[in-house]
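Please find the structures below.
Shared chain: chain A. Partners: chain B in the first complex, chain C in the second.
Our next item is the complex of A and B:
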């Protein structure tokens, strides 16, 4: 047996910290041994077996039932795969450095906070502060790839330092706040106030933003070889915008009020 | 005991000699541009004045044209190979040439064509031209640099890999009845060798007319005309040429590995033999230094044994 399937016995009645439900932690463990582990539950702890039916599963992945009260799913994941059937709570994938986290439903706030590597795929929507800093940290996500099929809340990519976040739907207000480096790609509408304090990095959007934070200068249209290159090296980036990037975009440079030279590329 | 029968292919004698070659450090770069013409211009400029390490510091040439569908950015491209005597030299010469010849060439972009080995700087060195406005992107497993230029942006990979298993100085000599016959045979050889990946012929058009020997009567010259193969010196210098030979051309080969040099030599000699004695080719020979200097020996009889049916 390599894979483990954890199926919720009933909807959670309190928040669960799932950060120790990792493939590596269960390597070589029997279903009974997994069931005997504990997880923080509300203000106390609970046995995994009290909350979940534990069973072996095909493959190497850890398969979890989703619940909006299931927080920190995949937090600290370094290798292996976690598949969530349903939605998760806050801070999913927080501090991940490798591996793969797939969420079939929605993710709560703080998705991919402090991510340094690995891939996160969310088939639903995500909450606020995707890819932002973890509590107490100055920098947000520093590497890895996050892909969200739906929309995201406010504060997307705050203090992002590296990596790639792909959003197929709309992004809320205040995206790229203090963004340091890395790439955001939003196929839907970019909410108001994006790019405040942006230093470097890139935001790729398919339509002109409604109301950017003040401090951006328009450099005009250009044929960017770099976009054609990225479309080939990162196929999911091209797929986000319909499968092909022409390379042509209008470049907005900022945030000049913060002395920044980041860019917003409005694709055409 | 009688001497073994000479190895003849289509009436061309393959002499019992060998090419003596040397270890080099090498790498492959991919250059793209908006049009094939400008991709070729940048590639030709990058590989210009790079016939011999003796005088140029490196040896380089275009390896092949790459269809747009196969290049990193989907534009027409060329692959070039560059060789130097050491990794240290390679790391110096590649960014220098890239900066002078590719960065400056309209619409060009420059990418790594070889992974692994010691990293040779591309954008890592050229980025400073951006004067602080350069941007990098670390996506898809590698870092690229975007350097603002008057035309738009110059895009290049941060580094390219390298190999120290490269081999330089593979060669063979075409001994022909006339200058036109020697040239036609050399052109046929170069065309065939151009199909071999991982190897280049760094001299003009792939051909050398002034093969050299080690040393000179003049102090300070490390190489001089290979008088044993100069037809006009027959009678006054020790000659390697039969009476019917009026002209000799040499093809020098550098490859990313010993096997690629051997494949290239075999392809070239096979093409020369294809023209045969009827095409004015008398013999194929090779240049060496007695086997004491270079660790790689490409023996012509071994290379051509299969083609000769031995």
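Our next item is the complex of A and C:
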């Protein structure tokens, strides 16, 4: 498979649904063939070649230039790699089941909604509802890894069911709303109202959160062997908190209004 | 401009024209008698095509509160089936719970030109009409749901005469601008409010102590005496319960000679034989329908795949909510007069029950002999989205195709159905009857469902091809009121439809009485409840269906 590079000719004037710009869809296609494909553009359609310069590129990845109006980048990706140079719009990586999506700029709202597998890496910030459910779904992200170098907006990990979300910066209000299972790690500050209706799952934070949703109880500082094992097994997680985890953490049990099998671990 | 559709094989069973090559001439939105050559006319070449009147679906949930709840609940449906992006459409979408725009476009793309919403609840009628007005390319009408409303049940329980009932029914039909009366689980929804979990035909309900049989007979008499063309449209007791074939047969026997339409009868044709205590009652039902000329049915065929069921029958929806797929549902009361349950279903051919339901529906289609008394429906969206009609038509018309699909369903279900031994294949004439002529006749629409002079110029040209599914999915041309709206299965124009209603006369004293009742018992005033003619389709007003003498 040869790589394809799509470079925007000009900033987009309307929103583009990029969900059919996938490496698998372009497999074996020449640059001219890719240019002749169509993408939803505003309320109509546009030729890929009218919006982008299409060129073959080194490697196997699909390289896209970013634009805040480019929505659904990597949505439904099952295999292969997409690299975005710049920022993307809403719903990037939505429903992705495998492969890799790397965004050098910011991501809009709804990043990694309904993710079931694969890896997403964002070097900038991300908008609201990272790893939440797609419209109509009862569960949010169910697998895969999302790592964000910057901060994220409100509603991080709502109804998360599995997988790992790593946030190096701060998280907005109302994180882990109705979280079912899976792991959130926030190296910055965790915004107010986190953990409402959280059933199970773990949230790792580096400092005591300012105002959790009602229903959490402090179970005191403890020594977790599991954390040290986790750090060895998932180096990215350890790296997020400065290279290694001591295993010492204050455990906040909750949300006890929703069963109380989850926990927030404040690492020390 | 006069249009001449020429060279096509015409199937017009209502006028006894079967497979004759002849011209159909259209002028000013009507079909006219052939004036012969001469004059300026546009010629539409129909060679290689069969020519049918516009399709009519008399039972499809396309508008109103429960449809909207279905959209709300299943908003992934629109994400999965968006309208094609492009200059023409690009808005809305969905299959099981489509938007109004998508509803009109998908129906019209299959050659349908009229669709009837079979469950308009009085309190939601205005909403239903606003939605119907928003559906392009399709004529519409609503059936008013009665039979669980307190005012009616009180009238019957207090022993008021039939005349009072008739006045109430007439008043309600006009107030809600509906064109027929539907009963959903007579007395059952009311019983559910008193914590009843089922109510059989001859079981007295709580509080009013009325049996479903009595409610049914009273309303049958009212509709007949008022001259409403369509008989009572009955969604019977015990929907979906194994063994309900007995209830259904008893209901057919309970009609006291009045005509009766039993809707989505597939869901009412279940026996309890076999080691799984679920079997087909299609043969008994079909035999009874064949023997009783005053009974008509629509099938409510289930089609495999994801859909959402929306019904006023909260009693049965409550029963089913634990098997919702995906796991979410909505149940609600409406103004204490009706109810609503929305439960998503995913019918699977690998499930014994679903596979047998599929086979039971087809058995009913094939065993009921008179096509004039069976109408093609999937009870959209309850049995499956209406977009599956072309597939269903091919299942009926093509025995090898049917057998091929039969071989793929759950093994045990296969041994519980006699489908394989039924060799009947629907002819094009029979398809024209079940999708056009028969529904028009039972609804009293004299200018629809046929191609005789005076009929609405709704004409569909299907290219004759052996794959009937492809044929009925992509008509070459669809004309609505003489205007071409679909070419080669693609929408080329959007037109506004009309809404049918009946306005039987009622005693003015009923106005006064209902004014008091609304003030006492209902959340809005009687004058606000009633829908004025000018509210229908942005001022166009309803098209009044003639009453039977």
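In the analysis below, the second predicted complex is superposed on the first by the 267 of 268 C-alpha atoms of A that agree within 3 Å, B and C clash if a C-alpha of one lies under 4 Å from a C-alpha of the other, contacts with A are read in each partner's own complex, and residues count from 1 in each chain.
FYI, a residue touches a chain if its C-beta (ideal position, glycine included) is under 8 Å from a C-beta of that chain, and two chains touch if they have at least 3 such contacts.
All figures in this text were calculated on a predicted structure; none of them were measured in a lab.
After superposition onto chain A, partners chain B and chain C are found to sit side by side with no clash. Applying the stated contact rule after C-alpha superposition, one finds that A:136 touches chain C and leaves chain B untouched. Touch criterion met: A:43 reaches chain C, while chain B stays clear of it. The vertex angle at chain A, taken between the C-alpha centres of chain B and chain C once both structures are aligned on chain A, is 110 degrees to the nearest 10. Contact with neither chain B nor chain C is seen for A:10 once the two complexes are overlaid on the shared chain.
Look at A:32: by the touch rule set out above, it reaches neither chain B nor chain C. In the overlay built on the shared chain, the residue A:183 is in contact with chain B alone; chain C does not reach it. Between chain B and chain C, it is B that contacts the larger number of residues in chain A. Closest C-alpha contact of chain B with chain C, superposed model: 24 Å.
Taken together, the two structures place no residue of chain A in contact with chain B in one case and with chain C in the other. Per the touch definition, chain C reaches chain A in the complex via residues 73-77, 79, 85-87, 90-91, 326-328. Residue ranges of chain B in contact with chain A, taken from their complex: 32, 72-75, 107, 109, 133, 135, 137-142, 144, 146, 152-153, 155.
Against chain B, the residues of chain A that register as touching in their complex are 143, 162, 164, 183, 200, 202, 222-226, 228-234, 237, 261, 263. Across the complex, chain A meets chain C through its residues 17, 40-41, 43-45, 134-138.
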